[in-house]
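For clarity, chains are labelled A, B, C and D in written order, and residue numbers in each chain start from 1.
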Amino acid sequence: MPLSQTSYGKSRIRLVQVSRRGDRHELRDLTVAVRFEGEYDTSYTEGDNSNVLPTDTMKNTVYALAARERVREPESFGVVLGRHFLDRNPRLRTVHVEVVEHGWGHIPIGDREHGQSFVRRGPESRTARVMTDAQDTAITSGVADLVILKSSRSAFAGFPRDEFTTLPETQDRLLATSLTSYWTYRSEEVDFGPSWRAVRAALLEAFANHDSLSVQHTLHAMGQAVLETVDAVQSITLVMPNRHHLPVDLSKFGLENRNEIFVATEEPHGLIEATLSR
Amino acid sequence: MPLSQTSYGKSRIRLVQVSRRGDRHELRDLTVAVRFEGEYDTSYTEGDNSNVLPTDTMKNTVYALAARERVREPESFGVVLGRHFLDRNPRLRTVHVEVVEHGWGHIPIGDREHGQSFVRRGPESRTARVMTDAQDTAITSGVADLVILKSSRSAFAGFPRDEFTTLPETQDRLLATSLTSYWTYRSEEVDFGPSWRAVRAALLEAFANHDSLSVQHTLHAMGQAVLETVDAVQSITLVMPNRHHLPVDLSKFGLENRNEIFVATEEPHGLIEATLSR
Amino acid sequence: MPLSQTSYGKSRIRLVQVSRRGDRHELRDLTVAVRFEGEYDTSYTEGDNSNVLPTDTMKNTVYALAARERVREPESFGVVLGRHFLDRNPRLRTVHVEVVEHGWGHIPIGDREHGQSFVRRGPESRTARVMTDAQDTAITSGVADLVILKSSRSAFAGFPRDEFTTLPETQDRLLATSLTSYWTYRSEEVDFGPSWRAVRAALLEAFANHDSLSVQHTLHAMGQAVLETVDAVQSITLVMPNRHHLPVDLSKFGLENRNEIFVATEEPHGLIEATLSR
Amino acid sequence: MPLSQTSYGKSRIRLVQVSRRGDRHELRDLTVAVRFEGEYDTSYTEGDNSNVLPTDTMKNTVYALAARERVREPESFGVVLGRHFLDRNPRLRTVHVEVVEHGWGHIPIGDREHGQSFVRRGPESRTARVMTDAQDTAITSGVADLVILKSSRSAFAGFPRDEFTTLPETQDRLLATSLTSYWTYRSEEVDFGPSWRAVRAALLEAFANHDSLSVQHTLHAMGQAVLETVDAVQSITLVMPNRHHLPVDLSKFGLENRNEIFVATEEPHGLIEATLSR
């Protein structure tokens, strides 16, 4: 009975790194996952662990390399980890490192920032995935759970109707989503921090300014804006749940709803995805 | 078999209100709960529903009054709802309204804000509780899930030791919490929005600036700062889980941890509470 | 600025105890919380930790006493912990211990049970709370997240209507809840395991057999059944969210819904509570 | 800028179906997701909705077909939905239907079951995925969140060590996982309910009886047992997080831990995957 798609690793390794430069500290708050693919079939079939680096050692390695090499960007830390594991494990063919960065900002006090105190931003996070094998290193950057809403210039009409269609057409609805997006680069020579901020800004600006005819339409405009404004990006995927905000029918109460009162729902939700490439 | 502590109501009523003033829209995103206490024993003992306002009607009322009266502040909306229900339900003795406001900000584009597009701030939320009966209206404001961390000036030492104590003393640890706090006012004449922002700022500033000898010590400094700087506040409660960040022992790997590499944990956690009053 | 309602402790202490009796193992899977109330004001006001038993020591004590005394029932383990802490901490006035037990059953293989392998039952859990002070030990037992549904003999009608009421009356609806209940005892001489099972059985049987006119009505019948059938119980509290299952209007599609097709919802939900005592 | 990997659909459609056969009712509690792939590029690039069946109509269709055709098994309901959508939407190339079934059992009263009252089993769920295109229907069945633990016959030793390895070898540890598994069939002529129960039983029995040298080793034994005992299955994938239960070091307290006292952890966790085929 042939084995396929085997992999093993460690997930949810929680790492917080504090960098202290005088009065100004910086925080990197990461959740890391490591996954190995390779010639490990006998560990499954015979319980032969002689080549199975323990996942506990993977975890220790994340902490040790963070101390020795320092986390600069999630992507570069993934590259460091990937190469380390590939160099030392002869049965390892491909190693995947996923990093989720939880954002913190310095606490503002009056018009300055306190250097050593932080407040969690969220729910948004920054993500990176690095796949390393003998030939190649493939890097993907992303953003997850960026919750956004527009209260104007969003329509949905002109769709086909069948006997199960009850949705009214609308020229003015709320459009809300929790955006997850990830993108690849044209080369490995990327300044990951500034690129990430440029992509995020392009996504937000396109979302805000778009005359939306549907979630699909706005998703496309957002992806296109990224490819047009951030040269380093090769392709981008967007995943946009449609978090429906339903106008409340107030006419039953003798009141008018001038597109002001909505029920926010999470279940069920639309789910729209696409990838745009150069 | 006597009945006591009866109550009934509706929870997790989701209301989003959009206010449109020209190009600038404002968003209030609320989760509302309504709870009735009163002379409803026969509904339990006999299934007599003749005085039981359906919880579905409570929900409808939240939407109708939001449309008719407009939500200005979570606290004032709670007062409007409480009085409405008390006026109309003769068996009702006390009505509790809880409002959680989920924060959104306008999307920044360059150095200005887009008036009709929003990004969710969080995980923090603003809370309000209003208890109304024939004599009185008691208002409590609060903040929940304000996640904060300080990377300097936090110690924990001088504690008693017994045969089960293994914790080392420390003069320099990370201190992190997910703050929940709520406060009462000296009078009903409060400008709720500015007061809320002033309390939040005082909490953050005290947390950032405190020379902490323990979570208790910092909690007290934060409460005291609120009472000293925000006149309108009568008493304040703070609930501070201690989200432990454990320094990783790198000496096993021949490396030194200069207080830079930590494991973030959520389980188990300390939990510290207190109320300060004038 | 006077302090009140101070407390501190440790939450979410995860303890799994395996008891090995020959081929038959037993599992207790617990989440424990310990909370101290006492004369600890100077720890808040001055950062004086000289009497503050670290919450880390509380955690260690839970593991050490589990090993030394063995967990028999959640309630008795709470009593052991409470007395231990009270005996040793002169500033401690009241100690609260909360225990949540996560249920596991032996894996069935054919018509017997495997003695050393387990499958998680859930989402239901068993709970215990023990409050200990110099005079007294107060024990509360409970069940949480017991999700139940009845598909017959549930009505809701005869309620008052106002201009915001749209709910139709119904003689045949689904009634579903996620029951949380807790109860006190007439004396400390209780066999906690059998009592817990008897209460749970009485709750389920009353729920199943009741001709329900409302959630309140069924809640009362369930509490009454416990007091009638389990002598040891002194009082019982039930908290019953009404997890609405809404019949889908199929008439728009030319179909009839013979009370068979429902949308399950969690938001918003009713919330009904009461306490019954002897 | 070419588009790829476009898809759109509706997720988290909650459907409860009650079947009433005299005194005995049956419950199917499902969460359904529908996803379309096809020639929808102009909906992205131009906002052309003329072929975009609204996701709201997808949702309505789920309820309508449940009423008209009745849900027999999650798999067969997925087939009905897939064919319906494919027949009517000329731009649709592939439709994916995912069904999660939440398990309920009849409430036991004494030694019989109440026919019209139910208690939620869980956290486990049954899953089905059906992919339909013009040529083919591919059906996958599965189980998710089946939480299992064995307290004997689980070892982990003989693994390689490097300078970051601190894990001790063990011959007797707790092995716990939250199993997710899914499998394909050799033909479409399957009796899905009995097959599902047979696979589940084979998974549990192999887990319980295995002399485990690692998670990989037990995962393989479980997959092999399914292929050996359930003829209908063509291939099976297992995903097994290793939910570590760490023995508490009691020696610091002068106590011995005879492999009885553990800390249950969820973070970090191992993660092991593989697919076995005939």
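Just so we're on the same page, a contact is a pair of C-beta atoms (placed from the backbone, for glycine too) under 8 Å apart; a residue touches a chain by one contact, two chains touch by 3 or more.
Note that the coordinates shown come from a computational prediction; the quantities given were computed from them, not determined experimentally.
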Selected pair, greater C-beta contact count between A-D and A-B: A-D
Relative to chain A, chain with the most remote C-alpha centre: C
Computed distance of Cα centres, chain C from chain A, in Å: 37
Inter-chain centre distance, chain A versus chain B - centres from mean C-alpha coordinates, in Å: 28
Gap in Å, rounded to a whole number, between the CA centres of chain D and chain A: 24
Residues of chain A engaged with two or more neighbouring chains: 14, 60, 64, 164, 166, 253, 265-267
Of all residues in chain A, those that touch chain B in their complex: 14-20, 25, 27, 29, 60, 63-64, 66-68, 104, 107-109, 114, 116-124, 146-153, 174, 204-205, 207-209, 245, 248, 250, 253, 255-257, 259-265
Residues of chain D that touch chain A when the two form their complex: 1-14, 33, 35, 40, 43-57, 59-61, 64, 88, 156-162, 164-167, 212-217, 219-220, 223-224, 227, 237, 241-242, 266-278
Chain A-touching residues of chain C, taken from the complex the two chains share: 163-164, 166, 252-254, 265-267
